[in-house]
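Two complexes are shown next, each including subunit A; its partner changes from subunit B in the first to subunit C in the second.
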Partner chain A sequence: MEHTYTKYYYPYISPLDPCKPIIKKSYSTPPNLYLGFQPPNLPQYNTAKEALYKGTLWPALYDNYKKYSLRGDES
Partner chain B sequence: MSHTKTMPPEYYELLEQIQAIDFVLVELNLYLDTHPKDYDAIQQYNHFTYESKKLKKEFEKKFGPLMHFGRSYSSYPWNWDDTPWPWQV
Partner chain C sequence: MWYYEKKLQYPVKVRECNPRLAKYLIEQYGGADGELSAALRYLNQRYTIPGKVVGLLNDIGTEEFAHLEMIATMIYKLTKDATPEQLEQAGLAPHYVNHDSALFYHNSAGNPWTAEYIQAKGDPIADIYEDIAAEEKARATYQWIINVSDDPELNDSLKFLREREIVHSQRFREAAQILIEERDKKIFF
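So, the complex of A and B:
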């Protein structure tokens, strides 16, 4: 099953809630949540610059970490 | 006539290379904290440490000290005295 960086849940919306309801909320699920203890010799990015731009040395741990407005929350 | 001093592109190129190498060192360092017996990672760490020192030496030869308080040498006269300061880079 392909890894998803963001997952969603649907908060309960009370009829008594005076505020604008949040229908769909997102939360970040980076790969390290599912990795447990990192195995040795994971493949690495080829260059230091690429690792810097990706934010990690190992592609297995990459997380695009979209900014809030792009995460698909609905209110 | 522009009064502001500008640094050559190579200044930023070298700095980015140093930044990239040092980032890899941060990653390897954190990894080694939990995997102290990973020989290959230690070899890679030492290789990148050597590269980092080499790049910084090259940078300092061209653009003066990267750091102060004894973390970089000074030429004569004292050259920790001019822009761009680290926060202005």
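So, the complex of A and C:
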């Protein structure tokens, strides 16, 4: 099963909240949480350059963290 | 808010007058992995974690205060009737000159408690994983205290506290699993 690396939750919102409430909040659940003990011979990036830029040899461990405005939080 | 029950969570009996043991127990009172750190860490993290695990942090944080009280009772009983000479022999002279036989939030080496012992990162995974680590470290600390204690009745209470760390760790691991699970997606089997 494919996993999502961003989860969302809906915090309690009080009728008396002074600021505009954030209705939907995101948090990260990166791929290492699902991998367990890393199996041998996972597919690797095609070039060393790509792996260096990503920070990992294996696409299975890569998590493309997006900045706040693109993470899908809703207020 | 809290309601207070005027009794300990588990009885504390101390058989031997052994102020030296108080010096070691203070680690669980005002030390990095002690009960004060635990209570304050969990109750503070409650506010910014998904609702499904807020109740767990609330309940465990509250229980940690009950443990803090048990540790305080042990230390108090071990030192309340000790003479300055006895305290000095137990290596507690530095504590005595600063606090008499009053309790204070410092570790067994005398370093005062600091908020730097605890963390609230705001990232639910990071915070819950810190909590799991904290429980395991507290469990280990209880083991090392039991190892240097000859008092069977005190050790009985310490074994109860060690067991609670195991249960808390289990609950935090379950909380991590709840946070990690795919709740937004339809799951096919």
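One rule holds in what follows: the second predicted complex is superposed on the first by the 74 of 75 C-alpha atoms of A that agree within 3 Å, B and C clash if a C-alpha of one lies under 4 Å from a C-alpha of the other, contacts with A are read in each partner's own complex, and residues count from 1 in each chain.
The working rule: a contact is a pair of C-beta atoms (placed from the backbone, for glycine too) under 8 Å apart; a residue touches a chain by one contact, two chains touch by 3 or more.
Not measured: the values here are computed from a predicted model.
Asks: For A:Gly36, select first, second, both or neither according to whether it touches subunit B, subunit C, the two together, or no partner.
Replies: A:Gly36 sits against neither subunit B nor subunit C.
Asks: If you stack the two complexes on chain A, which partner ends up touching A:Pro15: first (subunit B), second (subunit C), both, or neither?
Replies: Touch status of A:Pro15: no partner.
Asks: Under the stated touch criterion, which partner chain does A:Ser28 make contact with: subunit B (first), subunit C (second), both, or neither?
Replies: second
Asks: Between subunit B and subunit C, whom does A:Lys49 touch in the aligned arrangement: first, second, both, or neither?
Replies: A:Lys49: touches subunit B, not subunit C.
Asks: Go through the superposed model and pick first if A:Leu57 touches only subunit B, second if only subunit C, both, or neither.
Replies: first
Asks: Which partner chains sit in contact with A:His3 here, subunit B, subunit C, both or neither? Use first/second/both/neither.
Replies: The second partner, subunit C, only.
Asks: Return the residues of subunit A at which the contacts from subunit B and from subunit C coincide.
Replies: Shared contact residues on subunit A: none.
Asks: Going by the contact rule set out above, which residues of subunit A touch subunit B in the complex?
Replies: Per the stated touch rule, the residues are 37-38, 40-41, 47-49, 51-52, 56-58.
Asks: Quick one: in the complex, what on subunit B touches subunit A?
Replies: Residues of subunit B touching subunit A: 16-17, 19-21, 23-24, 27-28, 31, 34-35, 38, 40-41, 48.
Asks: For a test of understanding, state which residues of subunit A touch subunit C in their complex under the given definition.
Replies: Residues 1, 3-4, 7-12, 25, 27-29, 33-34 of subunit A touch subunit C in their complex.
Asks: Mind pulling up the subunit C residues that touch subunit A in the complex?
Replies: Within the complex, subunit C touches subunit A at residues 50-52, 123-125, 179-180, 182-185, 187-188.
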